[in-house]
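Multiple structures are listed underneath, in structure tokens.
First chain A sits with chain B, and in the next complex the same chain sits with chain C.
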Partner chain A sequence: MPIKLLFQMSVRNILRHRRRNGMMLAAVVVAVAAVVMMNSLIRGMQQDMADAAVENLVGHVKVLAPGYRDDPGIQKNFELASDWRPPDGVAEVAGWAMRVRVPAVIMSERGTRGIQFVGVNPRQEGISFLSSARMAGESLKDASDGRIIIGQALAEQLETGLGRRLVIITQGADGLNREAGFRIAGLYDADGEGMEKFFVFTGVDALQKMVGAAVFTELSIRLHQEPALFALKEILVELFTGLEVLDWRELEPQAAAMFIFADAAVLIWFFVMMGALVFGLVNTLVTSVMERIRELGMLRAVGMRPRSVVAQVVIESSVLMLIGVAVGIALGLAGIFAMGDGLDLSLWSEGVESFGMRTLLRPVPLFDDVLLIALLSLGLGVVASLYPAWRAIKIKPLEALRR
Partner chain B sequence: MAEAVAAGDAPADSARPLMPAIAWRNLWRNRRRTWLSAGAVAFAVGLTGFAMSMQAGMYGTQIDSATAFFAGHVQLKRQDYIDRSRFEHTIDDVTTLVRDLESRPGVVAVAPRVEAFALASVDDRSFGAQVLGVDLERERRTVRFFNRVAEGRMAEQPGEVVVGSALARNLSVNVGGEVVVLGAGKEGGVAAMAATVTGIFNTGMADFDRSLMVAPMAAVQEAFGLGDEAHTLVARIADVDDSREVAAALNADLPPGVVARSWQAALPEISQAIEVDALGGVLVYAIIMLVVAFSVVNTFIMTIFERTQEFGMLRAIGMRPGTIMGMLQIEAFFIWLLGIGLALAVAGPVVFWLSVQGFYLGEAMSELAGQQLFLPDRLHAKVNAVVLLTSPLIMLAGVQIAALIPSLRIRRLRAVLALRAE
Partner chain C sequence: MSDVSVGNGVVVDCAGVSRTYQEDAVPVHALRGVDFQFARGDFVSLSGPSGSGKSTLLNLIGGLDRADAGTIAVDGVAVNALSESELSDLRLHKIGFVFQSYNLIPVLSAQENVEFIMQLQGVAPGERAERAVESLASLGIGELAHRRPGELSGGQQQRVAIARAIVTHPVLLLADEPSANLDSGTTEELLKLLRRLNDDRGISILTATHDPMVMGYAKRRVVLRDGAIVEDSAN
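Presenting the complex of A and B:
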């Protein structure tokens, strides 16, 4: 039987029961639209967490001296030419930064706190949150700038402000404590208070002078795109023998775990929604077959092949799903568009930040995901039509006609 | 077609109401459809019930770990200490206040804490550390943190201290080693304390392990120039769910400047994370139920379509449209009942098993759960009235409305035309 004719018959069968099939369609549309929107929000969340992890002075890949992670301090250092650059031929490198990062104690006349003291070259910090954080006062001018930048929250705790002097104590490369005074150039406002209380920045040359060694404790590299990570890591391992080369998933295992979890969540929600849908779909299709017993019996009697009967039911289900999926995706994308810049979660800012997310949850619709949702839904339509189709070919022509 | 209406071999009597009997029989005229509809209801109710029991279990553990582990169910601090955390913002006459609080209704135990920031040094290594002065006996009745150390024992006497594992590593000190603590006292003078490390704790939470050291309160008070003062009082109460009420009751009678905060107020990141998660859950459950409600509407569209003739006849022999609609409502109720039965049969044992055995989160998630979400590596489902009743009752409303929508047509049904319908 020509496929065109089968197709025509299926479509007409759908149109025979507009109310019923309209209702079925509505269910498909709601389920697909919900999955598309949820999916884009989960992706947004995932990207947020990964970005935050990478921006948080981690970068995609980091080179550290062995043992630095267990015992961070200036003793766990390595030497690197200050004009070092990644070898040519590594594509997708967005930037790199060489830093000195040591635990330190900071004191104002009103308070004392433990911090991470980070020596940076401001020109290289386009890759970290430092370049995008809102800043009161001035940023560091260059690598030899001997002033410091501290977080708003830390400034409040220490009851200090712009232009004031703070004393910082840290260990020198020789193992003895060093103490020096630093003037506050600027106050930064990061996404999370945790970071503001934790990181204090100065020029890397100034910090090297303080600890008494022209060394670095970390090299952080950021990529334009994550897929280039593996190749880069291999090259760096070759280049820095004796040092540890770690990617952000190893450095931030929590964020990485959340990342994997979000991947799974995308599929879980799809199957949950489709599970809710499939009962109604089978129900509708079986009814549609059973009320056509006589008609199908007659078609069989005049020579229609069983496989044409199966095809008819499968096409009927697929057409329903196709329309539902198309409208559902359109509605889902419209919903995403309506969210605009994102959902404002600032009511729950502390809770959201504890997940490593921003308070503005942007939906990120991915073409691949939408395609996957569409294909899986259509596949489900075919699977759901198998039982009704089997019912349809079980109909014996003679018995059906006698009814 | 009308055999069900005639009630066949079971004559209606007062002991067995007619309508439910008819509705029940009607259901079995199309078994497949009934089971598919009940299956959809069971899917929605079973899945949401399962998810809600897991959420309830997760939130319960999360709250318990965050509060009963260290932070306490209710915290008392001076308001200016909350705002600016300055060392001199201490609560006075702590001994009396603690005794007073312990006698308040609902309060089980209260423990005072002195919180100082200092430089901890071993030989020529120095790291910033949070020094916590505690009343060990009271702490043990209040939170779990002080019951166990990974190595050695708790600091019990003045001159003893326990430190976090990462801090110990950074200072390269072991049990038996000597730590010197230097900080600023209350009056601005230098505070110094030398102590022997008696134990090392390892919580898996970076903040604790990296920067906390614990010493007896009297020693810390003396070193930092404090009298009978403390920064924070943490309380254990009879039921953590009453945290807000107990905090409010305590606030009615406290020394000026001191406030009691529920765990929700003291640990906003935990309560907000739970709120966001619960809100997301509610949205998803609502959509699942909506999708299922659509299929139930469909079931009744099909049922009513096929039984048009029958309804026409019932109208012709004098049955009111309202009675027919009532019969369909009872049919819908039975479908719901079957769905609930199925859900209990399938999801019930799973939830029961998970509430006893728990669900292992996997290695990667465990690390995350322990450090960030205050969860143990095993999640247990929790069943309570809310979990058991919410989704079934919402689904019941959904099913009844879904059956009502298509049956509104019956009011417009003209007996003669319906009888002639094919």
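Presenting the complex of A and C:
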């Protein structure tokens, strides 16, 4: 049986019942458009969580001294030349930062708080949130800058401000407590208040001087593309024998779990939406088959084989889905375009930040997702047509002709 | 398909054919051991009151139903032994059907309806179109080739159905109550047409009918009653 004829008959059968098939088509279009838009938001959320995790002083890969994660302190350190750079041949490296990060206590005249005191080289911090955070006052000038920048939320807690001096206490490399005064150069405004209350920055040379050791506690490396991560990690493991080389998924397991969940959410959302739709499609096709029972009986009577009858019903369903999917994807992409820069979730900022996300949710449409939606939808269309097709071939020609 | 040995001039050979239906658990004997032969080039009407078994015999010969007992051979092929797919092939290649309600495909034009069977047979597009146009023209409806069934009268639709049935040059044309939905004028035109096809082209025609006019145009008249042949005579 020529496919062209079956295709022609299927299209004309669809056009024969314009209103019913139009309603079905509209349902497919809306469902596919909703799935495309929702999935792009899920991908945006996923991307956001990954970016936030990486930018949160983690990077894609981090080198730490053994035991630092369990008991962070200046004693868990390693030495590294200040002009260290990744070996030649390591592709996709966007940047790296060598830091000293120690637990500390910060005091103002009004309050005391526990913090992470981080010594940085500002020129290397293009890989972390520090470079993109809004800043009141001045940024650190270089690695030897002995001033500090603190988060706005911490400044409010300590009831302090730009230009004021704060005292910071931390343990030195010799195990004794060190205390020093630092003037506030700038107040940063990060996406999450948690970070603002947690991180205080100074020049890495200044912090090394305070703890009394020219060492580092972490080397953070960021990549342009995540797929290069595993190759880089292997190189670093060889390079830093005896140190821990960990990727962001190991360092931020909660964010990594959410990242994986987002992959599943894309499919869950698809099957919830399209699964409900399949029942409607089956119903429409069964109605269509039952209405044409005499016609199908005649086709069988004059010699059409059962497999051709099945093919006709399957093609009819596939054509409906094909049109619905094409229009639905176009509508979905138009919806994404209409969202522009993204959805502002600042009204729910606390909840959003607890998921490690930013308050602006940008849709990220992925070609692979759209292709997957298209293929799965067409697959569901075929599956949905199998029962009506089975009903069609169960019709005995003689019985059908007598109706 | 398994072949049986029949005379060269015999298109249909039925021997001891019985068919019983169950209606509300009550057996209804539609045919009781019918013997019937049908020669090539013949035009036979099967008639009889409702429930006499004429349509049942027609359906059994056409492979749309299966006999409970007896044998049926169409053009030397034993119908009883065929699978569903083989029956489909038999209907497609050897038998032309004309139904009471025309049963044209509503979404296809008259020409496409006629071409449809040839498409199932795998005839090349050029030849298909040529034969369909020729077939419609020979039945006097060439100018209606591009109309859909809904745009045609009953008589015109029945002509398209006949064109569809004969375009594949079947060995046998089966017509079940072909005049049932037609007025007498149109019926007469249709019967003249069938008779012309039988006389000029030698198409073998077997029709089940209540209509005396149809019986009058056939060359041979077979009457059934209570599932048995009670009269078999030449017109």
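By our rule, the second predicted complex is superposed on the first by the 403 of 403 C-alpha atoms of A that agree within 3 Å, B and C clash if a C-alpha of one lies under 4 Å from a C-alpha of the other, contacts with A are read in each partner's own complex, and residues count from 1 in each chain.
What we mean here is this: a contact is a pair of C-beta atoms (placed from the backbone, for glycine too) under 8 Å apart; a residue touches a chain by one contact, two chains touch by 3 or more.
What you are looking at is a predicted structure, and each value in this text was computed from that prediction instead of being measured.
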Partner chain(s) touched by A:Ala153 [first = chain B, second = chain C, both, neither]: neither
First, second, both or neither for A:Arg294, with chain B first and chain C second: second
More chain A residues in contact - chain B or chain C: B
Contacts of A:Val100 with chain B and chain C, given as first, second, both or neither: neither
Partner chain in contact with A:Gly175 - chain B first, chain C second, else both or neither: first
Which superposed partner A:Val272 touches (first chain B, second chain C, both, neither): first
Touched partner set for A:Val302, first chain B, second chain C, both or neither: second
Partner chain in contact with A:Leu401 - chain B first, chain C second, else both or neither: second
On chain A, the residue positions that both chain B and chain C contact, one per complex: none
Partner chain C, residues of chain A touching it in the complex: 1-2, 5, 9, 12-13, 15-16, 294-295, 298-306, 308, 397-398, 401
List of chain C residues in touch with chain A within their complex: 59, 62, 64-65, 84-85, 88-93, 97, 99, 101, 103, 105-108, 116-117, 119-120, 122, 164
Chain B partner contacts - residues on chain A that touch it in the complex: 17, 19-20, 23-24, 26-27, 30-31, 34, 38, 70-73, 103-105, 107, 110-115, 156-157, 159, 169, 171, 175-177, 253-254, 256-258, 260-261, 269, 272-273, 275-277, 279-284, 286-287, 291, 345, 347-355
Sites on chain B touched by chain A in the complex: 32-33, 36-37, 39-40, 43-44, 47, 84-87, 117-119, 124-130, 169-170, 172, 183-184, 211, 268-276, 284, 287-288, 290-292, 294-295, 297-299, 301-302, 305-306, 364-365, 367-368, 371-372, 406
